[in-house]
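Report on the following structure.
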Amino acid sequence: MIARIIVKRLLVSLVILFAVSLLVFVATLLLPGDPAQAVLGQQATPERLEALREQMNLNDPVWQRYLSWLGGLFTGDLGYSAATNGPVSELLGDRIQASLVLLGFASLIAIPVGILVGTFSALKRGRAFDNVSTGFSLVLASLPEFVIGIGLIALLSTSVFKILPSVTMAPPGEPVWNFPVQLILPTLTLALVVTPYIVRMMRATMLEVLDSGFVEMARLKGVPERDVILKHAVPHALGPVAQVIAIQLAWMAGGVVVIEFLFRYPGIGQALVDAVTNRDVQVVQALSIIIAAAYIVVNLLADLVGILTNPKLRTEAVK
Amino acid sequence: MGSTTMEKEILDQALCATDLRVATLDGTEILHGIGFTLHPGKILALVGESGSGKTTAGLACMGHFRQGLKLTAGSVVLHAGTEGNILELPEHKVRTLRGKEISYVPQDPALSLNPAIRIGEQIAETLRVHRFGSSEAERRTRVAEVLAEVGLANDAAYQRRFPHQLSGGQQQRVGIAMAFACRPKVIVLDEPTTGLDVTTQAVVLATIHEMAERHQVAGLYITHDLAVVAEVADEVAVMLEGDIVEFGPTQQVLFSPEHRYTRKLLRSVPDLAGKRRVGTVEAITGEQPLVIPGPAGNPDTTARHRDLDDAKILEGTPARAPELDAEPPAAAGPLLRLSDVAMAYGEHRVLDGIDFELAQGESMMLLGESGSGKTTLSRCVAGLNHAYTGSVELSGQVLANGTRARTAEDRRKIQYIFQSPFSSLNPRRTIAESVEVPLRMSGVHDKAKRRALVREALDQVRLGERYIDRRPGDLSGGERQRAAIARALVNAPSLLVCDEITSALDVSVQASILDLLRTLQNEHGMSMLFVTHNIALARHISQRLAVLQKGKIVDIGTTNEVLENPQHHYTQELLANVPTF
Amino acid sequence: MSVIESPVQGAGEAVKPKRIFARMMRQRQAKIGMALTVLVLLVALAGPLVLPWLTGSTSTEFTGRPFKDVGVFGTDNLGRDVFSRFLDGGLRLIIYSALATLLGMVIGVAVGMTAAYSGSKVDSLIMRSNDVLLALPQLVFALLAITVLGPKGWVLVVVIGVTHAPRVARVTRSATSSVITEDYIRASEMYAVPRWKILASEVLPNITGPLMVELGLRMTYSIGFVASLSFLGLGMQPPTADWGLMINENRIALVIQPWGVLLPVLAIALLTVGTNLLTDSLARASANLNAGKN
Amino acid sequence: GQGETAVLAAPSGPPQRGGKLRVGLAGGGAADSLDPHAPVSTTDIARVVNLYEPLFYRNEDFVLTPLLALSAEPDAEAKTWTVELRPDVKFHDGRPVTAKDVVASFARITNPKDPKTAAADLGILDEVVVISDTVLEFRLNTPSATLDDSLGQYSVGIVPADFDIKKPIGTGPFKVSSFDPGRQSVFSANEYYWREGEPFLDELVILNFSDDDALINSLLSTQVDAIGQIPLALLEVIGADPRITILNSETGAWLPFTMRVDKKPFDDVRVRQAFRLAVDREQMIEQVLSGNGTVGNDLYSPFDPGYAKNLPQRTQDVAAAKKLLAEAGYPDGLDIELVTAPIQSGAVEAAQVFAQQAAASGIRVKIRRVDSTTFFGDDYLSWTFAQDFWYTRNFLPQVSNSSLKSSPFNETHWDDPEFNALVKKAVVTVDEAKRNALITQAQEIEYDRGGYIIWGYPNQADAFQSYVAGLIPSKTGLALSGFEFRRAWIGVSK
């Protein structure tokens, strides 16, 4: 049954991805400037330009370019970067890895901390802990991410305590995780950006669940408070919180440019801005699809959590 | 009484609550110092209308107060005080009593069972936290045993079901099983049968009765249904706005009530036999004696006086509207004719070839259990479901399927009233704004005229001028339902379709609504299709009765015919299960 | 005592917005939120008017070398008075954010309501398209639009508004679909009230609760987005005084001359905290109203 | 290796050998390359300077100095130049540099199918002929008295005849160990390097940064040893850190406003003059450069021996500007759009200062900020009023780049017959004094009628950890001693 639901969602996701690819392709067509010119720069001769255009298939009709690009996607060929004169996959491979590492570490901190703090807040509703954590998460959630980043750098790296490196600098070919100390600040910043949302959602959902009939019933059955929370309340809050986490993760996948900028982190966000300014169309396209796919995958995962924590969805017929 | 009996009584008591006072956090008192005693093997019924504080009192016995409420005074002592006043015990001590010594059956099992935990596990959990039995295996056996006791299957597969895989009645029985699992001495049941159909209700009531008797459990049974009280309770306490206004053995309270409120409450309960008159206006179903029988069939004089007074007041009201006589209904053929109406939601056939006719000025009751298709059918008539096949004729003319396809005149003639007054009026609009919608849509553009018509309609439903600019939030459920009826009346329809319009309301409110409908029928000769699952209402509202089961009409005829000589075994079963007193 | 039909029934569902507002303002955090929001709005609105009278310079005049302690809060990266720029720099940010939020809300609400109301086929079509838009990375969208059309005010507003729309549509749809099952909608259907009118006058007033909450959230997000775009150099055009731009221009000197960053950061933070507090208490107020329903 | 043990005082005494220098530079991206003849970004230039060497180069005092050549002599009419190569120079792989390699290098640069950066400049080059193993003849189609200058650009490095970009080989003090475009490049010392004792470093790491903030932070947190080009406004503060040393170099680099002389309103010389008079140059230097710069007089090439020092310094004159504008038909002032982009630190800032200053003269400037790619995109060279950035150059090479009809980057569309004639004559004048006189005359024309507003020459400020030694100020405008890391050394073992 679960398998059927998942297969169905997967199919829908594929359709969505397909539509995204179409949109992205059309959107990138609108980018001003000639990609070939962008590669070769000002002094390029018309012959050189023409040759490169041919090489980049810029002279084919639009639909044909789309189809060949789409075909490429299926075979893992993401296209050809104008900037590096090499395959896009080569350019992005390390960056995707780096982004995943950042994302992974940040969520490793943010998710458990967010869930714990949110749960405690809900349990201590109206008391000091709740007020402090609600206040903190409110303020953190209101600060733009670069403000948090700049603050942390000034605090921990350059001004107050000079204990952490402020930028990431792995030598080429070496993965970022070989330098764990350099990962601390970007990870921390990202975690601080994301955690408040999880805290707030967890708190709100927990409050709702704690007010629900079955939690009251568990208490009336004489179940000790610890079990009431762990066995009865928390599992119910996980479904909706998973949705929020998914949205946050998806945002992290594509939206952390500012943080990557700040810490010179070699992730895809920076590559994206670079690619747009360089008119590196195929890189923009590839990145958009990758980010969209990431969004869809995490959402799928969140749905899965929702299904697993809700037996009704698990056992009922596929709608 | 001698002192020995007193002592015996004390020894006998399972729970004694005294001077319970509960208030909201901002100081409004909800319970004004009530007290009662529960005895082993006996059931005390706590009755009263919605909001009178029944649930609050029941939970107070468990030492539990809902968020926003607090105890201000009072004590609850379990079997002769071995534990002391449980309201003063620390939370973790109270926890050890809950579920073990005193347990609770919630009103709504759908909300109170954890949807993510299998039912067997939920029962086992109670056993586990109270260290019932010495091993897991022993507890498993107990789970199976208690499931069997409440009449459910108890095999492993059944225990592995999730709550949503059970029907409402089964869920409720799981709740009862959970409450009885640890063999408690006291059990609090909060309206455990509300929302169940009569047949299921009968089974659940029997279960409760039997369990209480067998295990000598003291029960506190909270309800607003007096018929149920007559079935299960040994004693009755009547609550009104946080006070117990009357207390005594069931027989005494139900058949010779002392308090005026109790009498009023009793008078509002419809009975299948139609012996009592519900409300003050006569139904056109036939003459009813204005007699409320006492326990031994003797007329209850106290009640009688009141009713006779009421009857006097009504003397000016003619039994039938004069114009009704002037215009014989049969002349123009039936007002409404359904032929071969059928409807399906996907694969699921909900209506399966419905045929019937309704004459002008006639009132017909459509009876059936939950899910039998009553709402679906009445919505087909009103044009709210347009996916039906077959034909609906009004005064000989076939109507289009959906309201949008019907003419304004068709729409005016058939009016539909929804079940829940809490949902059928837009909370953001004033009563006048809601009531004038049909006028607006049928082309009455003059604002003053609309206002006048609205006022008139509100008058008809006995809602005065002062309600006109209020919003539904400021109205009680009964008042809202009246407003909804006013909206249906404002355009002077010829057919009123009422879909369980009283089932969300207290009995006393129901009585006044029935009153209103009868008056309308009397005065305006309106036809009515009255949908309900409460067969006890039959004689109080309708001349004809149709019984619907699984999308088919299985019994149809005049009310008397059907009630006295039911043809279909389903109707017979229904009639057998109706709780009466 | 004798009244049977005493109106004891629950206070009923949410009523007049006025009541929500009063209920909201009774909460302490709403008062704080209101105070913060009004304070920042006041600075943003009145700021440009008191220049150069209050600070002695306009927001583009030079008062000293860059990053020096001239004037109350020092100078910025070009030697302009930070305080003057701060006073002059809030209005545009707030207006753009407000417009973007409004645009997003209007589109999102219209689409969400239509989807929920149209039911099955149209609904799933709209919502799947919505998913497509959600999956499309926002930043790519913003970058592309701004690169193609240039960082003009209306582009910012439209870009941000459009990225809001699918999210608002989602919320609106779920709010609408719970309202749409209410019988008063059926009643309007029964009287053949035109569909748009049902949406506008029956549905919309009843989903204002979640919508207001969403509005607050979106506003916060807009402010952050406009500021972030300015931070990346894609937002306001120089020499416009703008809080986001100020942060970008002056952040290299955070350590020596922090005011150029701190003032706008503080203002943005206060504003978003303020709107968030308001939103939160609004949510609570409407939740309380709904809780009284039973 | 975080350099915790670094001393605070600058190291002194003889250079020490060994160690690694990590250099952070802003700019560059995925398009970075190691091509010796097509450097684009700052990081490209830094790499090219350290990997390859041209025949001549401009030293820190902007004096043209032989590098791989020993000398270059023109014939009388400056149509043939004889170049003698430095002997015993070896490529990274140990092979000796021969005349053939030089020929191949220039063939690669001027390849008509794929012309490199310097190709336009070397358009006059007909052929390069091998005379002997160490002597070559450069034969020109048009006489040029300044060919040696053209041979002294960093983008004409000599590479082996069989050069392959995948295995980049040159004669520079460093050779490639690894290269990651847009991220970092690691170079190691060239053991065959011809200069005695140099380089001192074992390893050179060049890191790309896309953000000034990150760049400075990395220096402050000792993750890099030196950074090129810090914002001038931060000079004092960064210098105040005892761990950090500042390298503040005067340069002849310029950041002009460009007015298209063939387009309204700038087709009227009075408008151009009015714009030039509207600028308060001192204030420009103060606000944009925090005082770290030299005032300009609307002339480029300040280090050229022929620079027109005699011309009076132009200053802001609002009345005169207004008058000129009124005469040109703009009595109420005029509206103009200034296109700017972050093409160089200070560019966008200068635009803003200009907008503010010009307002006094009735010039209402609307700034349109675009990104660098757009700026250098399709519309580059056709903006009516924009900005540009040039490194230090001498007059004639600069003119051939930007001030002739045939110049590849003639932003102002400058094409003045009188000016052209003077330049044409100067180019073929071998006698230096005469040539300089002609240059002065040409500059006077620029001063009166030109389309550039050259308000100043920004200093180049770099910062490095105090334990780094051997870096000296350079007038070239290139960061960190003109990127000549061959002379850098680490003062204390880290």
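Order as written gives the chain letters A, B, C and D; numbering starts at 1 within each chain.
To be clear about the criterion, a contact is a pair of C-beta atoms (placed from the backbone, for glycine too) under 8 Å apart; a residue touches a chain by one contact, two chains touch by 3 or more.
For each chain, UniProt lists the protein as follows: A, C = ABC transporter permease; B = ABC transporter ATP-binding protein.
Nothing here was measured: the structure is a model prediction, and the numbers come from that model.
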Between A-C and C-D, the pair joined by more C-beta contacts: A-C
Centroid spacing, where centroids are CA-atom means, of subunit C and subunit D in whole angstrom: 47
Between subunit A and subunit C, centroid-to-centroid distance (C-alpha), Å: 23
Rounded Å distance between subunit B and subunit D, as computed from the means of their C-alpha atoms: 90
Approximate Å spacing (C-alpha centroids) for the pair subunit A, subunit D: 41
Junction residues of subunit C - those touching two or more other chains: 147, 251, 255
Multi-partner residues of subunit A (each touching 2 or more other chains): 32, 150, 158, 261, 273, 277
Contacting chain pairs - touch in the sense defined above: A-B, A-C, A-D, B-C, C-D
In the complex, subunit A residues that touch subunit D: 32-34, 37-39, 41-43, 45, 47-48, 81-84, 91, 150, 153, 157-158, 162, 164-167, 169, 171-173, 261-264, 266, 270-271, 273-275, 277-280, 283
Of subunit C, residues touching subunit B in the complex: 1-2, 4-16, 182-184, 186-193, 201-202, 205-206, 293
Residues on subunit A engaged by subunit C in the complex (per definition of touch): 12, 15-17, 19-20, 23-24, 27-28, 30-32, 138-139, 141-147, 150, 154, 158-159, 254-255, 257-258, 261, 269, 272-273, 276-277, 284, 287-288, 291-292, 295-296
Residues of subunit D that touch subunit A when the two form their complex: 22, 29-31, 38, 40, 112-117, 119-120, 178-184, 186, 205, 207, 209-211, 213-214, 217-218, 220-221, 223-224, 371-374, 376-378, 380, 408-409
List of subunit C residues in touch with subunit A within their complex: 128-129, 131-132, 134-141, 143-144, 147-148, 220, 224, 227-228, 231-232, 247, 251, 254-255, 261, 265, 268-269, 272-273, 276-277, 280
